[in-house]
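Both complexes below contain chain A, partnered by chain B and then by chain C.
What follows is the complex of A and B.
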C-alpha cells in the first residue's frame, strides 16, 4: 500500500506541485474577493469609528493633541461617578438574578418535567423577548402605574400610591432589572436548556445508578458541564448591561425629569454630544465603555474554548 | 422486605415534597411574571383610557373601542405610524439584504479558503461580535457626522448591515458541514473558485442564511439607539423611535405635551402591539433558531 503510493507520487510529482501552488494562489485571491464586502463594512463601522473615537478623545475641538485631558475632564464631571455607580448596582442585581434563576429553571425544565410541558413553559418564558427595546419599557411603564397595572394591589401593598412614587430614582435599578429579566431571561433559559440537552444521557444515567438524586445530579454533574455556557451568559449579560441607554432614557421621559438624564454612562455621553456639543468629551466616555466591552470580548475569546477560531 | 421499601419510598416522597413545592411556586410566579404583561397588553386597546383605570385590568372591553383607538392612532400626525412602519421595513430589510450578500461569502471564505490575514480577520470578527452593539453607536455617529451623512437612510442601513455575528454563524456552518475534500475534488475537475461558491456552497447555505436573517432582522427592527441619534426628522423615524415620540405625546406620561391629543393609553398599547407584530411572528417559529445560533460555538466536549 505505502510502496504503491510513493511510487505513484514519484511519477507524477512535478505537475501536482505546480498545480497545487497555482490553485492555492487562486484560492487566496478568491478569498480576498469573498471577504471584501464584509471587510469594507468592518473597516467603516467597526475599526474606523473606534480609531476616530480615540482620535477625538485625545484632541480638543480645534484638533490639538491634548493627551489624556479629555478623559480626566469627563472623569471629574460630577455626573460621571454616579452614572457608573448606577449601572454597577444594576449589574450586580441583574447578573445574580439572571444567572441563578435561568440555570435553576433550565435544570428543572430539563430533568423534572415532561418534555411536552417543558416545551410550553420554555415558549411562554421566551415570548416577551419579542418586545425587546422600546416596547418592553412602555409595557412596564403600564405595569408599574398603580392606576392601570394588573398588579396595582401589589404595588399599593408595597406602599406605592401612584406612578410618581414608583418611578423614584432609587427604584430605577430594580425597575431596569425587571425589564431586562422580562425580555432577556426567557431566551437564556432556552439556551441553557439547549446546553443541558448536549449532556449525553449515559452520563446522567450513570449518576442515577450511582444513587445521585436530581439535586445532586444538578449540582455535581449538570452545572459543572454547562459551566462555560453560564460564564458566556454572565459575560454577555454584563457587557450588555454596561451599555444601558434606551431604558433609562425612556424612564427619564416618563418620570417627568425626576430621574437624572445622565443616569447611565451612555446617557452622559449622549448629553455631552447633543447638549454640550462636546464631541471630544463624548468620545472619551465612549472609549471607557468601549474598553469595558473589549475586555469582556477578549476574556471570552481567549479564556474560553467556546469559539472555534481554527480547527487546523 | 415490602415494609422497608414502603418506608423508604415514603421517606423519599417526604424529602422531595418541600423542594417540589418550592419549584411549583417558582414556576407559577415566573409564568405570571412573563405572561400577565403580554395578556394585559393584548387586552388594553379594547378599552377606553377610563375603563383601563376602573375596570378589571384583565377584562376585555369592546371591538368598538379597538376601532376608535386605531382611528386615533392612524390619524396621529397624518398617518405617521404607517410612515414609521414603512421606514422600519426599509431599514431592516435593506440591511438584511446587504448583510446576507456580504456575510455569506465572507463566512465561506473564512471557513474554506486560505489567505493571509484570515486568522486576524476571524479574531477581530469574534471580538466585535461579542461587544454589545451599543458600544459602537456613538463613535459611528461621530464618524457619520464628520462625513456629513447624518439624516440619510444609508446612515442607518449601512451600520445595520455590518453584522459580524452573521459572518461567524456562516463560518461555523461551513467549517462543520462542508468538507474541504469536496471543494478540492471540484477544483481538480476544473471548477473556478466562483463556481465552487455558487454551485456547491450557496445551495447548502439556506439554513444558515435563514438563521442570520432571523437574528439580523429582529436586532435591527428593535434597534433604537442608532436611528435615535442619526435621524433628526419624524418622517424618517423607524417605529421604535416613533414609539418614543408617541410616549412623549401621551397625557398619562406627559401631561404638558399631551394635552389636546387623542393619544391615550389604549392608543399607545395598540401602537406597541403593531410595532412588535413582525418580530412576534418570527418568534413564534424561532426558538430552535435561537438555540442553534447561540450554541453555534459549542465545541462538543
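What follows is the complex of A and C.
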C-alpha cells in the first residue's frame, strides 16, 4: 500500500522539476501552502521521531549520554545477528523478484498485449494491494494451511503435511516474499506501466524500423529509459522491506509461536521496547535500520542519477 | 551504465575523509567513557509501603479477561449491578502472548490507561510485581497489604499462590490449578483390552504395543505450546529452576530430562505420539479426537480438549493418577497454565477491584461451575461436588484431581520469560523437520539460557 502511494508521488514530483528548467519560478504563497500540509506531517511523523530516536539511542533510561554503547549493546544481543540475517535473505529475494518481475510484466502488458486486456490485467494485479497488510496475511494463512487451503493438493504434493511443516524456519523468507510480492507488486506494475507510457512512440517506432525485435527493444530502449523509476522502486522496496514487521508478527501469533518473535529487526526492536521496557535499545536498532535504508538509497540515487534534472 | 563525471572522485575522497573523521570522533567519545547502556534495575525495597492512588468511591473499574473467564465477570456484574464495570476481552496471555505486558509498558510511559483488574498467566506476575522503569510503580498491587484478608489467602491450595509471591508479598489470586494427570479413553482401552499404565515404563511399552496392534491410535502429542509442561515438568527436568531470584538453573543434560526425551523419541518414531499439537489447526479433523487413546495433560484437557474440541461423547473419557518412574517413591507431576487475577496498583477503586478479584477466585457461585479446577480449596470441593463437572467422564475424577493437585513438582519455576517461547520456536520446528528430541535438547538449552540472560538471570547448569 505505502509503496503504491509513494509511487504516485514519484511520478508527479518529477514533472515539476522538469518544468522549472524551462519556465522560471512564478510560484508565490500558493506553492508554500500546497507543500505545507506534507511538510508539517513530515516534521511531526518523520523528522521529529527520527531525532527523538537518535536522542534515545544515545542515552540510557536515566537520561545519561551513552555514546555508542546502546548500539554495541544491541549488536551483541544474541537475536541481533539472526534477525539481520533473516532480513537480508528476505531483502535479496524480495528486491530481485519485485524489480525483475514487475518490469517484465509491465513491458509485456505494454508491448505485447491488446490495450483492453492489458487494462484488465493491471486491475487484477493491483487488486491484492487494496487489502491491508494484516488482511493479506490472513489470506495467506488460509492459503498455506493444508487443512483448509484451496490448493492443499499442491501443498501436499510438495511434501507439506500440515501447517507446522509449511512454516519451517527455512521457508519463512520465501513465504514472506510471496506475501509481500502478492500485495505490493501490483501497484508497482501499474507505476512501471505508466513509466513505459512516457516513452514517445517515435522512439519505439524508430527502433522497430532499425530492426529491433520486442526483446531488443525492451533491453536497449525501454528499460534504460525507465531506469530512474526502477531505481526509485528499488529504494522504496528496500526501505519497506527492512521494516518488515506485521507479516512475521502475524505468522508468529497464528502459528502459536512456531515463528521466532524476533524474526525481523523491527520485531526485535518491538520486543526491546515493550517486553524489556528498553526504549533506548529499541531506538538503537531502529537507527541501524535507518542507516541501512539511507546507505542503499544513497547508492541507488548516485548510481542511477535519480535526482539529475534533464537539461533538454 | 556509469556516466562519467569528473567532479566525483574528489568529492568522494572528501566525503570519505570527513566520514572517517566523524567515525574516529565518535570512537573517541566511546573511549572517553560514556554512561553504561544497561537498563537500570528498579530498586524495589520490600519495606517500601504500597501507596495507593487517590481513591474515588464508586468509580468505574475496567476489567480485562480472556474469553474463557468472560462469563465469570459478566456473572459478577449481574449479581452486583451497582458496581460500574467496563469489561474488555483480550488473549489472557495464552500461548506465551505478551499483550498485557506490552500494554502496561505503554501505560507506564503515558501515565494512564491501566485496567483495574486483569486475568493473566503466572508469568505476568513476575514483571507485574516489579516496576517496569525507575519512575514507574509496579503494576500489581500487593493484595496482602490490607486488601485481601489473610484468612482468605490461607484458603488457597498448598503452593498454588507461590507464583504470586515476591519479596514477601502476594500480588495475585490464583484462579485455577492445571495439575497434569493421565487422560485416557476408557471405552477404547476396554475394547483393545489394555490396562491403564501407572508408570512411565508401562506407558512406553503400551505405546509401542498400540503402534503395532492399532496403528493410527495415539498415546500423546508433543506439538502444543505447552507440551513441555505436560512431559518435561512431570519428569522433574530442571529446565527452569530458580535457585534464587536471580539465578536460573537450566540443565537439560540432566537424567530427568534425557529419560523423557528418550521415551518420547521412541514413541514418536513408532508413531504412537504425534509431533502435531492437540490444539494445532486441523488436528480435530485429522487424525481426530477419536484416535486419541491416552493423553498426559492438565486437568482442563477433560472439558476443553475431549469434550469441547474433540467432541468425544460423554462416558468415554477417564483420568488416572500421574505416572511415576520405576524405582521412584515420590510421584511428581506438571502443571499447564492456571490463570491468576491481579489488581492494578493504579486503581482508583481498590475496594471494588479487590472485591471482584476475590469473588472471581473464591466464590462458589461461580467457581463451582468454573471451566477449570479452582485453586481455592473450598471452591474446589464445591467444583468436584458439582455433577456438571463430573458427569461427562466415565469414572469419578475427584480422587485423581485432588491427589494430583498436591503432586505438582515445585522445581519448574515461574520465570520472567515464558517457558513456551523456546519450546515453540526452537524445539517444535526441529521435531517437525524430523529431528529427535534428544538431539534437540542442546539447542533448547541454548535458547532458554539466551532468553534467560537477556532478561537478567545468571545461569547455573549444574
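Convention: the second predicted complex is superposed on the first by the 247 of 312 C-alpha atoms of A that agree within 3 Å, B and C clash if a C-alpha of one lies under 4 Å from a C-alpha of the other, contacts with A are read in each partner's own complex, and residues count from 1 in each chain.
In this text, a residue touches a chain if its C-beta (ideal position, glycine included) is under 8 Å from a C-beta of that chain, and two chains touch if they have at least 3 such contacts.
None of the values given here were measured: they were computed from a predicted structure.
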item: When both partners are placed on the shared chain, which of chain B and chain C touches more of chain A; value: B
item: First, second, both or neither for A:30, with chain B first and chain C second; value: first
item: Chain B versus chain C as contact partner of A:145, first or second or both or neither; value: both
item: Chain B versus chain C as contact partner of A:242, first or second or both or neither; value: first
item: Touching partner for A:222 - first (chain B), second (chain C), both, neither; value: neither
item: Contacts of A:73 with chain B and chain C, given as first, second, both or neither; value: second
item: Touched partner set for A:112, first chain B, second chain C, both or neither; value: first
item: First (chain B), second (chain C), both or neither touched by A:273; value: both
item: Partner chain in contact with A:162 - chain B first, chain C second, else both or neither; value: second
item: First (chain B), second (chain C), both or neither touched by A:44; value: first
item: Contact residues common to both interfaces of chain A (with chain B and with chain C); value: 145, 147-148, 253, 256, 273-274, 279, 305
item: Touch list for chain C against partner chain A, complex; value: 1-3, 26-27, 29-30, 32, 34-40, 95-98, 101-102, 105-106, 108-109, 132-134, 223-225, 275-277, 279-282, 285-286, 420-421, 424-425, 428-429, 432-433, 450, 453-455
item: Touching residues on chain A, where the partner in the complex is chain B; value: 23-24, 26-35, 37-39, 41-42, 44-50, 52-53, 56, 101, 104-105, 108, 112, 121-135, 138-143, 145, 147-152, 182, 186-187, 190-191, 193-195, 198, 215, 225, 229, 235-236, 239-240, 242-243, 245-246, 250, 253-254, 256, 266, 269-270, 273-274, 279, 282-283, 285-286, 289-290, 293-294, 296-298, 300-301, 305-311
item: Residues of chain B touching chain A in the complex; value: 19, 23, 26-27, 30-31, 33-38, 40-41, 44, 52-53, 57-58, 98, 101-103, 105-106, 108-110, 113-116, 118-119, 121-132, 134-136, 138-143, 145-146, 158-159, 161-162, 164, 167-168, 172, 175, 187, 193-194, 197, 218, 222-225, 229, 240-241, 243-244, 247-248, 252-254, 265, 268-269, 272, 275-276, 279-280, 282-283, 287, 290-292, 294-295, 297-301
item: For the chain A and chain C complex, residues of the former touching the latter; value: 59-62, 64-70, 72-73, 77-79, 145-148, 162-165, 167-169, 224, 227, 252-253, 256-261, 273-281, 303-305
